[in-house]
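Listed after this line are the structures, all set down as structure tokens.
Consider the two complexes below, in which subunit A is the common component and subunit B and subunit C are the respective partners.
Let's turn to the complex of A and B:
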């Protein structure tokens, strides 16, 4: 976008802010509009529908130590103009009511519920129910409020949630433990014969309060490693996304070489994730030969990751200010050779997989997500691109070294499982091309900037295109650690779309359809596990998982 | 001589299927670039299951009753087939064998309906859809085979003529045996990803071990039967016929293993219809060629 266009679009947002009697400020790619809560619904409608923005997430913040209010930040994405639009509104602690925008912006459904669960913000004109917290958690304890310590342990009486009953349809429970799910989540499929007529979802079984931990017990640099443990597949995405948010908030320079290395590692992560997914999809369709060979090819990518970062997974090379491991010429040569082999082998595998008649028959026209629903729910990543939404953060809001590479963003219109399969297959080839370009043009210089200071109470919003879609980290800086750190994984925006995708689908296609969003429930729930028996001092993450201590 | 050969061949027929399952796992592993488990792994699995505690699923006494009947009848039909190939038991052994097999199939699909679990019941309804098509054409094709060959018993000393209509009907029987063996793409009743083993979901320990053993026997039986009918085209001596048939069955098992490794799972609304179309086509062609004397 050229500078005159950017000035025009910023002027437009200023006018919108002023028309709702709000304040307007702008730093880099982020616009901050503060409005009275009574104007929230109108401005949300204007930004989401008239300005054609997506809804990234909303963040509840306890600002009572600062100004006596609870705040809510709705983050919209103007991808076409490369902007994040933050709409902030505040409410009194005594009567923390904010109008809901769920009916205008369906994508805001979950984040409102989460703000209600964790901060006690009451949203008007909508049904409120527990999304994140378990049913037995005390009603008046809001874990993300600043007066609740991170290790607070309420006395609770355990209770279970019951399976739904229906006289008209049969209920098929999928989860929390089921072969189709590799993580503990729960779907209730209401079926007539084999046809699914409705779906109920209950997740967040493994929520461990990682945001509270980040705000309480860790330093800025430690959170890089904590963030990387959010996910076993796209952990580096979270680490980079977090550090970029802090770098943006504190205006920290990152050396160019470090940005290249970050992009290379991110693309390696995308390659192994997509190869993993293609294998899992083949397995769900009963084609275990495809599964095994996809994972065999993926093994080469894991070796590349080990070569470049020292680890097959959870690379641990990212820091605020850059990376802590460099790449030399020998490694570049080996990586390029391996990529040649991977590209050739993967092409052969895809030709074979797509020639299996049952696979082509079962992925075509199943799990359809129409473009309108995809837009309404602000779905992200391959799910969005398979439903005709041309959005990719690497191109729309370039970060790391993506501005230096050429790549195509595959977009398909059919919105079915086949389209999502094709998007990921195309992205494997694009990622290989991106890594080649980055390795060939790797600039010389340092890989880490240690000279920086992080001022307090600055906002940073960072986006990274994870294999599953855009990952969002929101940071308000604090003293030595973030005042507020919010993580929104791509699956968080994609799961609500499953209701649309599964309705009308057959039961046999449900596992593939659920898998087609490449769900990462640990990302969504923000799990972290730390070995308490290690030699380091143990960190008590949260009382939720410690039965004996709750008494 | 029969008193020696029959027990030997029966023992082989009871031991071989689980061994062949191990071979199948090994073959699949090689196709998938894996080492795979030892060939005896399927036997080890069954021994392990047999050593587990005996557990009856909740409210499932009917299940156990039906299951025990199934567990008794499945080996019986295999033993009956082997014995009747060597030594005639009745003049209608072929028809009796098929009748017992159909009864066993009906018994088998009724078991999961007695288990109060949605996955089990869905698995059973899928199996019924498949069985209706498959068993119907098993009866039709066996009837046509009897019509074409005049054979009602395995021991009748007659070599069946090598004609197109016989070949087509044997093709139906081999497809039928592949489907009955519950391999991909026809394992829709178990369908691990959505039904978590479907009709077997509530079974564990010795009950599951015995059921798996009987499923191996079933796989062997459904292959052996069309192989015997095929071998009848070439061999007159019944003992040689049976021994050759067992060897050919091993080869067929290997071929089926390879085939199942390169296919994916079908769906309940696709598999029976596809099968029906193939069966109808082959049966019609067979009847036409019979009428035309080809």
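Let's turn to the complex of A and C:
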């Protein structure tokens, strides 16, 4: 985007802000608009629909120690112009009411509920229910408020949640613990015969309170390692996203070589994640041969990850200001050799998988997500690209070293499981090409900048394209640690789309369709409730009782 | 023939052969770059606590018991990030590629380095460690008298000296 175009766009946002009597400021790619809460709905409509922005997330912040107010930051994304639009509004602590924008921006549904659960912000004109916190958590305790200590343990009486009962349709529960699921998640599928007519999702069984921990227990550099543990598959994405947010807020210089190494590690992570997903998809379809061979190819990616970073997963090489491990010539040679082999082998395998008639028939035209619904829900990543939304953060808001490489963004229009499969297959080849380009152009120089100071109360929003879609980290800096750290994992935006995908689908296609968004529930949930004795407790839904209820 | 294309997997399978390794009867599964358990050299360690501050999961802890200071390492909490290896000023911590740490005895997972603490020449209280004091004397030209006092006595001494000086000025 050229500079005159950018000035025009910024001028437009300034006009919007002024027309709603709001203040306007911008730094680099982030526009901050502060408006009165009564104007929030109108400005949200203008930005989301007229300016054609996506909704990334909203962040509730307890600013009472600073100014006595609770604040809500809605983050919109103008991907076409490479901008983040933050709309800030504040409300009094005594009567914390903010108008809901869910009916205008359906994508804001969950994050409003989360702000309600964790900060006690009340949203007008919508139904409010518990999303993140368990049902037995005391009503008047909001964990993310600054007056609640991070190690606070309320005395609770554990209770279970009621499951849905219906006289018209049969209810098929999946989860929270199920041999076929890798993480705790709970779906209720309402079926009529073989057809699914409605879906209910109850997640957040593994909300670990990581954000509170980061705001109170750790230091800036330690959070890199904590963030890496948000997800078991795309952990490095979170580490990079967090440090980029702090780097943006504090204006820290990152050496070019460090940015290249970050990009290389991110692409390796994408490769392993997509190969893992293709294997799992084959496994769910009963084609275990494909699963075994996909994971065999993935193993060589894991080995180069270990070679470059020192660990197969949770690489642990990222710090604010750069990376901790350098790459030498020997390693480059070995990685290139492995990539050649992986590319060849993967091509052969994909040709075979797509020639199995049972596979192609089961993934074609199942779990369709139409483009309009995808737009409404602001879905991200391969799910968006398979439904015809051309969005990829690596290209739209380049970070790390993505501005130095050429790559295609695969987009398909059919929105079914096959399209999502194809997007991921194409991305594997693109990733291999990106790593090759990065390795051959690796600049010389240091990899870590240790000399920086982080000023207080600066805002940083950072985006990273994870294998599952865009990952958003929002940081307000504080003294020695962030004042507020908000994580929005990609699956957070994609799960609501499952409702659309599953409706009208047959029951047998449900497992694959759920898997087709490549869900990552721990990312999305971020809690473990640990009781006094240190035992993990999850939501108490007794599967045996449930069966009796359904009888 | 196209219908039978998927049978080509048999060719791949035969070409690849067996990929499962005969662990633990074969040489190590991990490369030289692998980050495993850390080892603390008791002789080099000065008990400064830099590693404790850097450690993200609190696997390293400092405990003070009267006149000794204990640096505790609990493998069960360790995330093998080697931040401690980076920050150790005397290179007392070494990373190994040891990953076979499963045990049925929890005490196998604990390691400790015990340090003697200094005695303050003024208040006779304990502070820092003997080795850290030696390290400071070697590294920087501070008078031994100064480092032989505990931080509290040092602070009090400083404040007292300022007060005295101020008082002198006002007296004139």
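Note that in this section the second predicted complex is superposed on the first by the 524 of 551 C-alpha atoms of A that agree within 3 Å, B and C clash if a C-alpha of one lies under 4 Å from a C-alpha of the other, contacts with A are read in each partner's own complex, and residues count from 1 in each chain.
To be clear about the criterion, a contact is a pair of C-beta atoms (placed from the backbone, for glycine too) under 8 Å apart; a residue touches a chain by one contact, two chains touch by 3 or more.
As the structure is a prediction and not an experimental result, all values here were calculated from the model.
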Clash or fit, subunit B versus subunit C on superposed subunit A: fit
Which superposed partner A:97 touches (first subunit B, second subunit C, both, neither): neither
Contacts of A:310 with subunit B and subunit C, given as first, second, both or neither: second
Partner chain in contact with A:293 - subunit B first, subunit C second, else both or neither: both
Cα-centre angle that subunit B and subunit C span when viewed from subunit A, reported as a multiple of 10 degrees: 100
Which superposed partner A:27 touches (first subunit B, second subunit C, both, neither): neither
Partner chain(s) touched by A:362 [first = subunit B, second = subunit C, both, neither]: first
Touching partner for A:218 - first (subunit B), second (subunit C), both, neither: second
Closest Cα approach, subunit C to subunit B, once both complexes are overlaid on chain A (Å): 5
Where subunit A meets both subunit C and subunit B, residue numbers: 289-290, 293, 296, 356
Residue ranges of subunit A in contact with subunit B within the complex: 170-174, 178-180, 194, 282-293, 296, 356, 358-359, 361-362, 506-512
Of subunit B, residues touching subunit A in the complex: 28, 31-34, 118-119, 122, 184-185, 187-188, 191-194, 196, 261-270
Complex interface listing, subunit A residues touching subunit C: 218-219, 221-222, 224-226, 229, 289-290, 293, 296, 299, 303, 306-311, 314, 316, 324, 345, 348-349, 351-353, 355-357
Complex contact set, residues of subunit C against subunit A: 2-3, 5-6, 8-9, 12-13, 16, 19, 30-31, 33-35, 53-54, 56-57, 79-83, 86
